[in-house]
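Dumping the structure here so I can ask a few things about it.
Naming follows writing order (A, B, C and D), and every chain is counted from residue 1.
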Amino acid sequence: MSSAHTSIELRSDNSAGVAPEILEAMVEANVGSAMAYGGDQLTARLTALVRDVFEHPEATVYPVGSGTAANALALSAMTPPWGAVLCHETAHIMQNEAGATSMFSAGAIMRGLGGEDFMVDADLLSEDLELFGWNDPHHSQPSVLSLTIPSDYGTVTPPKEVARLTDVARRWGLKTHVDGARFANAVAALGCAPADLTWRSGVDMLSFGAIKNGGASCDAIVCFDPELSEPLMYRLKRAGHVASKMRFQSAQLIRYLTDGLWLDLAGRSNAAMKVIAEGLGELGFDVINRPDVNIVFVRAAEDRIAAMEEAGLVFYRIAPGVFRFVTSFQTSIDDAHEVVRRLRTL
Amino acid sequence: MSSAHTSIELRSDNSAGVAPEILEAMVEANVGSAMAYGGDQLTARLTALVRDVFEHPEATVYPVGSGTAANALALSAMTPPWGAVLCHETAHIMQNEAGATSMFSAGAIMRGLGGEDFMVDADLLSEDLELFGWNDPHHSQPSVLSLTIPSDYGTVTPPKEVARLTDVARRWGLKTHVDGARFANAVAALGCAPADLTWRSGVDMLSFGAIKNGGASCDAIVCFDPELSEPLMYRLKRAGHVASKMRFQSAQLIRYLTDGLWLDLAGRSNAAMKVIAEGLGELGFDVINRPDVNIVFVRAAEDRIAAMEEAGLVFYRIAPGVFRFVTSFQTSIDDAHEVVRRLRTL
Amino acid sequence: MSSAHTSIELRSDNSAGVAPEILEAMVEANVGSAMAYGGDQLTARLTALVRDVFEHPEATVYPVGSGTAANALALSAMTPPWGAVLCHETAHIMQNEAGATSMFSAGAIMRGLGGEDFMVDADLLSEDLELFGWNDPHHSQPSVLSLTIPSDYGTVTPPKEVARLTDVARRWGLKTHVDGARFANAVAALGCAPADLTWRSGVDMLSFGAIKNGGASCDAIVCFDPELSEPLMYRLKRAGHVASKMRFQSAQLIRYLTDGLWLDLAGRSNAAMKVIAEGLGELGFDVINRPDVNIVFVRAAEDRIAAMEEAGLVFYRIAPGVFRFVTSFQTSIDDAHEVVRRLRTL
Amino acid sequence: MSSAHTSIELRSDNSAGVAPEILEAMVEANVGSAMAYGGDQLTARLTALVRDVFEHPEATVYPVGSGTAANALALSAMTPPWGAVLCHETAHIMQNEAGATSMFSAGAIMRGLGGEDFMVDADLLSEDLELFGWNDPHHSQPSVLSLTIPSDYGTVTPPKEVARLTDVARRWGLKTHVDGARFANAVAALGCAPADLTWRSGVDMLSFGAIKNGGASCDAIVCFDPELSEPLMYRLKRAGHVASKMRFQSAQLIRYLTDGLWLDLAGRSNAAMKVIAEGLGELGFDVINRPDVNIVFVRAAEDRIAAMEEAGLVFYRIAPGVFRFVTSFQTSIDDAHEVVRRLRTL
């Protein structure tokens, strides 16, 4: 347990280490030789496992090296170059990927929509699409709806709302993508089936994050539409995202998805955040977001924030007077209580 | 030792596993938390180590997920979109990366040059540049010379020839890139300093391969020109090639470069190939290339090739009547002798 | 003069014809043969004339086929692929060019800023740049400020304000571009020197429109920074915007800029709009914008709009209850009075 | 008629002027106002005319500002980004457009094939496609066959051979494009129907040149496949190749295609070249190409070439000891005889 003198990591789930089970799986995969570029048996096993976990017999899975790669490559396969990807105005793909999707898609744009709690609002989406100048080449044509689940502000769109959103999207010919950099945290928080949050609610492609939740070097694209899937092989190759020794990527994801490890890891970070968020509330902090998963944004006086830093809490300041805590699978419940204890003594 | 009934892997060094030392280094890196995206101490250590190994105080290193990523991103930072990358007509960047460099550079083209033994010829290069239509916007302007060392056909350009080539390039304003997917094999074969084969011979940027030689998921770009280096950070991010938990990528490369492991591993595959190549020669096979490192291309009658397959040799056919053997750090000298023994009994 | 039964064109200055002087100049240019691709004497003469009109001895001019080409190619020469072009949220480059700049720049994004009267606000710009996450590769780095003068809503930023804006931009390392699709209308309305509205106020590159104001097939990029100018030749060629018989493009622009024709033509459309705008005001219409040049946006009841259409006014509806009038050099003062007369009789 | 002291223009058909009929048509089009961006009646008329001339009821036509635009935009609509455009190794799209197609297609590559007389050989094409590594993402997948008719070296592929080539292409799933920068010269030389040289022989899209043959500022894409046609509207807009006052572009093409003007103009340049080529032959010059249309390449001693220049012939040197003559619609038969006369007196 951390004492007042030990630092407690709350910067990012990217700052955490790797789940030991996953490194072990890599070591175990190191037997004999195998076909390169995904022609190996572990990668075949991964596909079978993904189909099982997502209850979809035609789902395909493409291991990639980062969430940005998953998002930008998935989206580039879903939009023409003259398309517009509609997303919440705070979406990671719009604010934090430096134009990756515009590059890979050869010019598609991101268009930000409003919506409370950092999630796209189905009514605003519907209105936007109704007023849009369709078939006018002056305007990038809406082609994809991208939902961040959970959002970068830790809020989770439930399956029912996802279905409402994809319904609007489909009516206007848009495909739907989910940026699931923290997908496990959303599924763990909702207690739903992975299928409910994706294809069963109309989602065509998923950026399936693993790295933030205990993975080492591998996220994935999971595709529920065989027609969209085929060209991905070429897009990924040209992007340098087809690992030659792919079995060591697949091994990570196999272990991640086996015996519910992914939901167990996500459950830990969610639980730690729950303790912290309740503490913040009790202590009268001004919490900005609804901390559905493992992220909380808080407004506080600058001197109070500085005192927190002195108390050994390691976190990011987002803007003047605003800070963020992120828990990971490595944040224990004890750590969480210790965070609250230190906040209380400020 | 392999018996006639065991298969011997000769398809590709990508089919090999990971050097146990490297997986161990990943496990050892899994301590505590660390700053994401390369702000960690292991990545800082990697930079220091690269500067030491390459004897260059300003070299920078960017871990990436594949050789294609290293090549295409490095080249895109060296050429304007209207540039032409000159390379041997058999170069990997031209024949095997599906237009990756054209995509990342927004339209630069690869232009293949001749040259014996699958290596660019300095005189042909010089002549080509002299006759070129400079400053005429109809023609993609030569901007980079890219040398594959060793070539995809296993031939190695020595430092002196590299210097001659970069000298011609520099005279016409071209930068020089080395595709070193098997760089360790070249350095091991030559017994030269890494600096001799790169910046000391006028090379500006290097795609430094590790995966084919015992790495797991990480190659790198090594840049010797600070001015070219800075924008790489942005290019890599947009390509999804900035690993969030970069310390687990850096850990691989640190171990690879420590205690000469990289040259030791490469030395093993080179040595195994030496045994095999001598055997092929003695047995009267028609060897196409000069097997300087761990690759040999051979012409043979179709029934003879089929017999080799039946004898448990696992390798790729390249064209009708042509096959290829590639050894890896996992190919023991015993394996190599066993290959020759089986060839002899055909 | 138009009777109540004749239709009066108010849709767009793009709907107008070509100034007869300009077609005549094309006919006069049709003498003998000439070097292709801009090596002709008329194109040389155009450069000299542009330097004279803009009072800048090093200005360069590149004729192109459209305003979108001028904007997207100019901007692609000013921003790295990981850059962000800051502009007003209503800017044409952001709303009406279908991602052209993102395509030509290989992934740069447009970022919309607020500001009254459809013009970027210098204070908001300054604040935005101060709070920006510089050097963080997650975010497209601000690289260019693009001002639309006049804005698509007919408002004109005066030289003094342009200077304030470029001053902020330069402080943060941004270049400044002006989208001058209706540049002549702005200069005519302000009565300033073209230099005052461009380089003398810190502008680096200008999209110089001519087509909307009586030209036939030729707009231009005017560049005030020799360093930015050189690569444009290659960018334009690759975009198919280097006319082979360029003398017939240059001839249009030469005539346009000779004897003040461009300002005369723009003066006519501005004057016609002045009459109409005053009429709209007197008649109690709800005018949305400040009609500094030849465009007015008006809110009105749907039945009133329908009655205007029946009265022979030809114009575009922009949104439910909103319409737009645009005058051109072909809209006479008599036409303008006739428009007001018909509005009065509704 | 030209005297020994007058210069005779033989540099390029791009150096010629505009056919007076075409400028006149622009002047005649300058009546009243019209809908912008191709919504005008002249552009509708152009479509009807193209369907008539090409005998294809669904053909569509897109006016663009240059041949490079026509080629690169047409091809970008026919290939995925991971495609390879197969063409003759001397093709304009590969040698003279500075990577335009690679840019607009987001990374497709040009792959040059051999073939006598500067034309793709159907047997070599067939062999290439049979040996190709299909479905292997390492290799840009052949997606389009592009034929240059006539070739840049003035040779014409007849309809029967075009049909043989497209037949091979179709068998492997490739579309076929014709770069017809000098299409009129080919049709005039062959005396065939335009349909025979295009869709009736299996061609899907045509870059239809007019500028080199008397046009002012407008070439076109003609598309015979409705499915390929639709996205062109967006591609062209984003490239800045949708003229706002399109009626003045369409007017040029309408006049060009009316009363056989296009074939009449091309017939003149072909006829003048015939006279010159016969003269070159009689005088023992070493003619490199088969001058089917209006271009001839000749090898000659340097001092002889210099003497020709002194004799007032204006032409381009292509390489040491090689020059090129190009005739245009403005080269009269008298001019041609005068050229021969001067050559004789060297």
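The rule is short, and it goes like this: a contact is a pair of C-beta atoms (placed from the backbone, for glycine too) under 8 Å apart; a residue touches a chain by one contact, two chains touch by 3 or more.
Note that this is a predicted model, so its numbers are computed, not measured.
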item	value
Chain C against chain B, contact positions shared by both copies (same if over half, else different)	same
Chain pair showing more contacts of the two, B-D and A-B	A-B
Centroid spacing, where centroids are CA-atom means, of chain B and chain C in whole angstrom	51
Cα-centroid distance, chain B relative to chain D, in whole angstrom	42
Where chain A and chain B are represented by their mean Cα positions, the distance between them in whole Å	34
For chain A, residues contacting two or more additional chains	81-82, 97-100, 103, 106-107, 137-138, 234, 237-238, 242
Residue numbers on chain C that touch chain B, as the complex places them	80-82, 106-107, 137-138, 141, 231, 233-238, 242
Residues of chain A touching chain C in the complex	81-82, 84, 95-100, 102-103, 106-110, 131, 137-140, 319
Chain A residues touching chain B - in the complex, by the definition given at the top	9, 11-12, 14-18, 20, 23, 26-27, 30-37, 64-70, 72-73, 97-100, 103, 211-212, 215-218, 234, 237-245, 248-249, 314, 328, 330
